[in-house]
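Take a look at the structures listed below.
Below are two complexes that have chain A in common, paired first with chain B and then with chain C.
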Partner chain A sequence: MSLQVNDLRVYYRTLKGDVKALDGVSFSMEDGEILGLAGESGCGKTTLGKSLIRMDGRMRHMGGTVELDGRELPIGDDRRMNDFRFREVSLIPQYSMSAMNPTRKIGRMVRELLRSRGATLDLDELESRLSLVELPHAVLDRYPIELSGGMKQRMVMVISTLLDPSLLIADEVTSALDVSTQKAVARALIGFRDAGFVKSMIFVTHDLALTSHIADTIMVMYAGKLAEKAPATAIVKKPRHPYTKLLLDSLPEVGVRYTEKRLAGIAGSPPSLLDPPAGCRFRSRCPIAGEECVQEPPMAEIEPNHFVACWKA
Partner chain B sequence: MRRYFGRKLLVYGLTFFVAVTINWMIPRFMPGDPVSSMVARTGASNPAAAETMRVYYTNLFGFDQPLWKQYVNFWGALFQGDFGISIWVFPTPVTEVILGAVPYTLGLMIPSVLLSWVVGNWFGAYAARRKVLDNTLLPVGYVLTAMPYMWLAVLLAWGLGVVAGWFPVAGGYSFSMQPSWSWEFILDLLHHWVLPFASLFLVALGGWAIGMRNMIIYELESDYSNYLAALGAPQRLIRRYAFRNAVLPQITGLALQLGVLVAGALVTEIVFSYPGLGSLILKAIQNQDFFLLQGTFLFIVLGVLIANFIIDIVYVVVDPRTRAGMAGAAA
Partner chain C sequence: MLKLDNVTKVYKVGAFGGKVFAAVDGVSFDVQAGEVVSLIGESGSGKSTIGKMILGLASITGGSITVDGVPVKPGKDYYRHVQGVFQDPFSCYNPVFKADRVFQMIKDAYYPKLGDKEWDERVRSTIRDVRLDPDQVLGRYPHQLSGGQLQRLLIARALLLDLKLLVADEITSMLDASTRIDVLNLLAELKERGLGVLYVTHDLSLGNYLAERTVVLRRGTVVEMGATGKVFGDPLHPYTRQLLAAVPRLHAPWEDAAPTQTCHYHENAASGAMFEAEPGHLVACAQLDACPK
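What follows is the complex of A and B.
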């Protein structure tokens, strides 16, 4: 088992109190698995991704453990976590367009970064990976400003995976791109997995349609908790959680079944994570909520590898 | 690259042209007759000299010639370094008077501007990573920048000059000395230089330190810093990048501040009666020495433009993006 997350709790310290952005999340990933992480904006996807590699100054690890390849990640300890970063866990950030130092030639920046991590640059390997994502080798001699958005995106992909990390977190890497570029990036990510550059991958997006193309497994989050996790086809064809169903209904196209449906967002808005309500967090928007939903529904494996947190699933 | 500098040179040339033209226009379109009023004021006690001056000025202004010709002649004289004759120290050429004062102003300005910039940036970058230093240095920096040049100069002159008696408070060197290349004179020169230098240095220092501190903090929170940190890069590397990128706007800031710095230096010279261009301006005004005033202003404009151009060049050398952009534009 490659990644094992147990009851992870990560809060943001704010003046108004703790924002419970990640409130008891448990799941696991296999080697070679691409896990699509979906959910409305603000449900905690980025928080989960950052918790696995580098928490920002306002995040606090309140409990739970993360194990990667049998070793516990010291996610709350910034310094000890450094050994794992880049080598074991790596990140393609949401802000790929501005992730590279604007005043360094890309090749030089990569070399300096690798040297600072005690690794040496294998130029042949780097160039073959550039070819794989269809970047000319000359980009190494350019400044980031000279690259287009899509090129920067692919360059960051190559940099982040250069040390063959076990786990790669790709946070909204396609959001800023047009549809055809999105597909290309998704294909490149699958290519990286197939080539063994990364063992497993968490692909974060609010776009369920795209996730279903690239992910083996899809995990749906709602208000800091997991709602449903299942193989991609099961999520798309046989969703069990009311939230997943509504999310799929609001999509323009995922399979023929949904094309005639009216395009609509989900009515209402998610609860505040400052003081989330007890019981099922989806209750206020759930069309089939009942008495029992005042109690928090546990994550249950209703079919092999199909987990749902809902009393009525 | 050539196009970039060509455009810059054009702008500077145009600025200089406008400055010279305005300078030329002022005495000619001023109400009243500047020549007779100048001659009347200075030459009253000496009728012979007054007559010489009247003839000289009338010829120089060439009032009998058409305006456009006067204008062309003015430029011609300018290119020969001829700013006319000073009234205050008649009959010394204005150019000579100015050249006598320039070393003092440059000797004050260049070290104070460069040192305050370097030390301020270094301080600011250092403070940005140390809470204690940040909490103490920052308020001091704000007080320093908020202080008018004149104020700090007067404060220093009073405290270290008059009360403590460590430094002389007026002049470029002691009255009892003759300028020479002796150690004694150079030491005396330095002794007089300390207070005006210190007041210029200190006022500018605070601004640079605060600017750098804020820039560094901004850079350290930027996306590329976060990305490097997420990949486990050591703080050393991240800070090196941040420092380099933070220095760039500070160079632009230097270009923008140059006018303020020159004005500050002129005022400081006046406070310390330091024999540079600032004191010259004061003397020229007091003595209605129009040519001296005109010449000094032109000289300062020229100096600021040259300094700006040098900063432009430095910026292109330091910021690779401008070079990359230019190469792209040329290709």
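What follows is the complex of A and C.
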């Protein structure tokens, strides 16, 4: 088991009180697994990704543990996490456009970065990885501004995984890209896993259709809690949580026309996480909510590897 | 209603504007009243530039854009009939003012003589038209409303005028899946009421859901246009096929588009005309960059 997260709680400090962005999240990941993390904005998916590598100043670790390869990650301790960052846990940020130093040629930047981590640059290895993502070796002699968005994204992917981290967090890496570049980047991610550059990967996105192509397992979050976690095909074909069902129903696919099939969104909006309601958090928008939903539903394994937090599932 | 005829937009680039770059190159299409036309293209295809030229926010280098026969002329008379809604609803509002101030600005500019009570009625009924509850959204600050609500308020603002054409530039890209579809359904309802909508997007599935006709742009030129069912159901241009193959689908595996080498439309390319494969379904030369045009 590569990653084990137990009852993780991360709150944001604000003037009005604590925003409970992650409120008791538990899950585990196998070696070689790509976990797709999906949900609406504000559901806590980025917070989860960030807390595994670096919490920003407003975030506070309120409880729960994270274990990576049997070792506990000191996620609340910014200093001690430095030993793990880049080597054990690495990140591909959403805006790779601004992730690279604009005043250095890429090759020099990579060398400096590795030196600062006490590692040496293996040029052959770097070049073989560049060809895996179909980047010419000449990019190392260019400035970031000379690369297109998709190329920068792939370059950052190569840099983040240079030290073969155990866990890679890819946060909305394809959101800013065109469909054809998105496909290339997504396939490169799978290629990295297959080549063993990363052991496991968390792929954070709001695009369920894209996740279903990349991920082995999909985890759907709602308002700071897990709603459903299952193998990708099960989520797409047989979703059990009403939120997952509604979310899938609201996706227009190529071939679906307004005149033929009228799709509907989900009425209402997610609850405020400053003071979230007791019980199931999806209750107020849920079409099948009943009396038992006042109690908080536990995450139950209703089929092998299919976890759902819903009384009605 | 809206008619683009051989529209060109050239930007000067380089250190002293020494080089030119054609962002839009000879684009012609039209939008009828009561119709949604989706303008699809990747980044840099010139789709937003076309939207901006229609709205008078960018000058037109060559060709003509007319609405009901009248050329684009930025000013009150023009904006009474043609309005735009853009990608980022959060930056369209001034955060220190209440969101409904956008309605007051419309009143001050276009209906200064109208009574407050009558105006209030109109605002409320228009807000109900965009499927919002006036009591929930009026008097709120932008940060208290969701992206979907803000985006629908901007559409309501445009509807308060005698609107004929709405340019919707990526209006759903920043919204969540659960609210995005509501905004799309709203556009479809407006279309049924006789509004012409130019829906600019990079998302093929959204364009496919909504539009009667589709125009596919690549590097400033139209590669394929026609009825949405035809363009997406039977794409003729390799670029359209490539785009469609790249769209991730829920229930089907990712496919690779077979590259087309031969071009049936090549002889038309030299004259710059598009080939009419079927009535209303136009295709450009398929040899992409090797095209002699």
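We adopt the following convention: the second predicted complex is superposed on the first by the 304 of 313 C-alpha atoms of A that agree within 3 Å, B and C clash if a C-alpha of one lies under 4 Å from a C-alpha of the other, contacts with A are read in each partner's own complex, and residues count from 1 in each chain.
The definition used in the following text is that contacts are C-beta pairs under 8 Å (C-beta built on N, C-alpha and C of every residue); 3 or more make two chains touch, one makes a residue touch a chain.
Just so it is clear, the model here is predicted, and its values are computed rather than measured.
Student: Please tell me, clash or fit, for chain B and chain C sharing chain A in the overlay.
Tutor: fit
Student: A:Lys105 contacts which: chain B (first), chain C (second), both, neither?
Tutor: A:Lys105 contacts chain B only, not chain C.
Student: Quick check for you: in the superposed arrangement, does A:Ser250 touch first (chain B), second (chain C), both or neither?
Tutor: second
Student: Kindly classify A:Asp207 by the partners it touches after superposition: chain B alone (first), chain C alone (second), both, or neither?
Tutor: Touch partner of A:Asp207: chain C, not chain B.
Student: Which of the two partners, first being chain B and second being chain C, lies in contact with A:Val236: first, second, both, or neither?
Tutor: second
Student: So in the superposed three-chain picture, is A:Tyr143 touching just chain B, just chain C, both, or none of them (first/second/both/neither)?
Tutor: A:Tyr143 contacts chain B only, not chain C.
Student: Mind computing the angle chain B to chain A to chain C from the CA centres, in steps of 10 degrees?
Tutor: 70
Student: Between chain B and chain C, report the minimum C-alpha distance in the superposition, expressed in whole angstrom.
Tutor: It is 6 Å, taken between the nearest C-alpha atoms.
Student: Using the superposition described at the top, list the residues of chain A that contact chain B and also contact chain C.
Tutor: In chain A, nothing is touched by chain B and also by chain C.
Student: Report the residues of chain A in contact with chain B in the complex, numbered from low to high.
Tutor: 53-54, 56, 81-87, 90-91, 93, 95, 98-105, 112-113, 116-117, 142-143, 145-146, 156, 159-160
Student: Sort out for me which residues of chain A touch chain C in the complex.
Tutor: Result: residues 40-41, 149, 178-180, 182-183, 186, 206-210, 212-213, 236-237, 246-248, 250-258, 262-266, 269 of chain A touch chain C.
Student: Can you tell me which positions in chain C touch chain A when the two form their complex?
Tutor: By the definition above, chain C touches chain A via 42-43, 146-148, 176-182, 184-185, 188, 202, 204-206, 208-210, 228-229, 232, 242-244, 246-251, 253-254.
Student: Give every residue of chain B touching chain A within the complex, in rising order.
Tutor: On the chain B side, the touching residues are 222-224, 226-234, 236-237, 241, 244-245, 248, 319-321, 324-325, 328.
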